[in-house]
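Below you'll find the structures, each written out as structure tokens.
What follows is subunit A paired twice: with subunit B in the first complex and subunit C in the second.
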Partner chain A sequence: MIRVQNTSYAVSGTTILSDINLEITQGVVTALVGPNGAGKSTLLSLIARINKAQSGQITVDDLTIGDCDDRDLALRLSILTQDNTMGARLTVRDLVSFGRYPHHRGRATADDLATIETAIDRFDLTELADRYLDDLSGGQKQRAFIAMTFAQNTDYILLDEPLNNLDIAASRHLMPLLHDLCADQGKTIIVVLHDLNYAARYADQLVMMRDGQVVAQGTPKEVLTAQNVSDVFQTEADVRIIDGRPMVIV
Partner chain B sequence: MFRGSKLLSLIVVALAVSTSTLLFQTVSGNQIIAPSIMGFDALYVLLLTCAVYFLGGATFSVLPEMTVFAVTMAVMIVASLALFSTLLGAAQNDVMRLILTGVIFATLFRSITSFFQRIIDPNEYAVIAANSYARFNRIETDLLWIAMAVLVATVVVVWRMRHRLDVISLGYAQAVNLGEDPRRATFWILCLIAIFVSVSTALVGPVVFLGLIVVSVARLVTPTPHHSVLLISSALVGAITLVGGQLLMERVFALTTPLSVVIDFVGGCVFLIFLLKGIRR
Partner chain C sequence: MNTSAQLIGLIGLCGLSIWSLFIGVIDMAPMDILRDREAFSLLAISRFPRTAAVLISGASLAIVGAIMQMMVRNRFVEPMTSGTGSGAALGILWVSIVLPAAPLLVKMMLASLTALICTIGFLAIVRRLPPSQPLYVPLVGIIYGGVIGAGVTYFAYQADLLQYLDIWTNGEFSGVLKGRYEIIWIAALTALLAYFAADQFAIVGLGRDRSVNLGLNYEQVMLLGLIAISVVTALIVTTPGMIPFVGLVVPNIVSRLFGDNLRQTLPTVALFGATLVLLSDITGRLVRFPFEVPVGTIMGIVGAFVFLWLLYGRRA
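For the complex of A and B:
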């Protein structure tokens, strides 16, 4: 269980997150939604210990962020950030292989290699496996990074705008896959999404944020009301229920 | 005997320079940079100059070489941590700022050095002058054994870190994600670089562009992100460049041109090409 308690974060005097309290439901896909600058990515980076909160406590199961061993956490939780520029020049297979590093710390076993091939296969990267990341399109690169996160095979997976650069086919391939990972393997996934309709269609839980605070949390139907959309995003958009799920008419 | 120790020194220097450059590129996430461009060896020369200036040339020359080497190396480690650890944290994604700061540091160290050298007694100047320029023909072989021992110990440490280095080279967020602490790694890697630079500078003086050419060629020969391969290939390319280059200079050009001039010229061109390519991209 990921639990965020009284957590605040500020950068040079500007408050990014103020006093966040949040419990993430186990075993489902939770989408973080909200306008630009709401603090969604920052919250994710605090949970993944990329940035350090100034106050409050974040726990992942029995591990407290900041106190626990980084290696233990890497076996439990993985994150894919938005900015994926690399210093090194890697092939797709190199990148996906790094996902296994927390498990073998340098000496890959046959199991690790098998997991790597599964991940490459599952994200349709077989033909691209030996190409360099620099030579791929944005969408292909994004798929390679998601495959790496997949290969890390952690109970908790944090994805910061994974649909960036993905076309509709790739997005519609990825989102059900995330859903299946939760349903079949009991994983807990938090994903920052910009497109409210993807969140409404594929997420089990929504967390809506604005100005560094959590405004609403619940099922898509509970959170994605016309009232909330207008309050949080400052735009009047019609929300309709289609097949039991809300849809924002854009 | 002299020729054997000279060959050995060149290999020690090649290993120290190539490994320190590779480490620095890994920790800065930037492949067109080297410790010498950032002013590491200029710092070493500055420290020696300060020692001569404050202790006096007479006192300095009677100090055991071993002591001077050990103390300079310790100060080097502290100084490079103080100067570069904050810079690396802040400028990881800002290549131009990193290089610019490095060039300014290097120029500053060299200016202070030459300032001290100007106000110093001419006799004492002779003591420092020997340490301020790259020299492959007249190597400090007295230090060779201790330098070799230090080098071997440091190389063993680096080799044991090779898998961690792979992860660190992926950048801050990915390294954290994979369970490595980039801040702690940066601290240790800077210490190791300071030791390597002390070793090579003590033996042959500052060589600015050698590391950059060597590691760039190694990356072309073995295009892989894995340090288990890169460490070996860059050490080999380094040894071939230095030993082969010195051989050419001695036998073919009959010592008319110092090797360091050729290396700095070629290396400078390589650096410029990379820089311009980087800007265009």
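For the complex of A and C:
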């Protein structure tokens, strides 16, 4: 269980997150939604100990962020950040292989290699596996980074805007896959999404943020109301229910 | 790189090394070693130490260059031109003035420490540069190294040690003799130890956030890398002297050909580095025989051309 308690974060005097209290439902896909600058990415980076919260406490199961061993957490929780710049020249397979590093710390076993191949296959990267990342398109690169996170095979997966650069086919491939990972393997996934309709269609839980605070949490139907959309995003959009799920008419 | 190509490269390097043993003012043929005791002592005192020092310098400089490029996440940096080399020269000069009687090992450690501090200074400056401007990094490095180098010249002048300065700043192997070069084997050992952390350095090259995600102690790996870079640089500056561009050119060529998965590529980096410096040294010895052109000068010419190729020859 990921539990965020009384957590605040500020950068040189500017408050990014103020007094967040949040419990993430186990075993489902939770989408973080909210306008630009709401603090969604920052919240993920605090949970994944990439940035350090100034106050409050974040726990992942029995591990307290900041106190626990980084390696233990790397076996339990992984994060895909938004940055997909690369300094190094690596092939897709090299990159995906690094996802196994927390498990083998240098000496890959047959299991590790099998997991790497599964990840490559799962994200349609077989034909690109030996190509260098700097020769690939933005969407192909993004898929390679997602496959790396997938290869890390942790109980908790945090994805910061994974649909960046992905076309509709890749997006519609990824989102049900996340759902299946939760349903079949009991994983807990938090995903930052900009497109509210992807969130409404594929996420089990929504957390809506604005100005560094959580304003609503619940099922898509509970959270994604016309009232909330207009309050949080400052835009009047019609919300309709289609197949039992809300849909924002853009 | 596949193993058969690597094997061919290794055999080629062995051939060059043997050739290198028999180039020099005193004419010596391979068979003389067995017949002539003086030929054997020439080999043991001068020719072998020189060739070994060349190979170690080339291989270890190329390896720390590759590691530094990963750590800074920039293709255009290398220790000799980014303040580490000048820092080592500053250190050894300072030790020569303050503790002239200190044992060589202590001098080396202090020179490494000064090089380390100067490299940390470089990283601290570079961290503030905009990531969208990768060419600022080597430019700042050259200026930074130049400022430290100017300080070194000033202090050397004050202490009347300018003649030594040339030994440190202009790499050449003619002074390498048995009993005066053995410390450079520590550079070989350091580079070998760094190789065992190849995966960690490759992950550091993915950036801090991804390193942390993979459970790597980012700061610790960075510090280890800095120590390896500083020790190797300091040892080379004090033994043959500064050899520019090896740490820049070789990792770039290997990266272009075989990528940056350091665990796989570092042996190739070492092989290319050793071959390049050995070829430069042999060229320097032959070009106006029996006189010598310093290897640093040859490398400067080669490096300048490869640097231009890197800047303009790559696709946008």
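Criterion: the second predicted complex is superposed on the first by the 250 of 250 C-alpha atoms of A that agree within 3 Å, B and C clash if a C-alpha of one lies under 4 Å from a C-alpha of the other, contacts with A are read in each partner's own complex, and residues count from 1 in each chain.
Note that in this section a contact is a pair of C-beta atoms (placed from the backbone, for glycine too) under 8 Å apart; a residue touches a chain by one contact, two chains touch by 3 or more.
Here the structure is a predicted model, which is why all the values come from computation and not from measurement.
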Fit-or-clash call for subunit B and subunit C when the two complexes are aligned on subunit A: clash
Contacts of A:Ala74 with subunit B and subunit C, given as first, second, both or neither: both
Which of subunit B and subunit C A:Gly244 touches, first, second, both or neither: neither
Which of subunit B and subunit C A:Asp83 touches, first, second, both or neither: both
First, second, both or neither for A:Gly13, with subunit B first and subunit C second: neither
Which superposed partner A:Ala48 touches (first subunit B, second subunit C, both, neither): both
Footprint overlap on subunit A, where subunit B in one structure and subunit C in the other make contact: 45, 48-50, 70-75, 78-79, 81, 83, 85-90, 94, 98-99, 101-102, 106, 152
Touching residues (chain side subunit C, partner subunit A) in the complex: 69-70, 73-75, 131, 199, 202-203, 205-210, 212-217, 255-256, 259-261
Complex contact set, residues of subunit A against subunit C: 45, 48-50, 69-75, 78-79, 81, 83, 85-91, 94, 98-99, 101-102, 106, 132, 152
Complex contact set, residues of subunit A against subunit B: 45, 48-50, 70-75, 78-81, 83-90, 94, 98-99, 101-102, 105-106, 152
In the complex with subunit A, residue positions of subunit B that touch it: 25-26, 28-31, 93, 162-164, 166-167, 169-174, 176-181, 219, 223-225
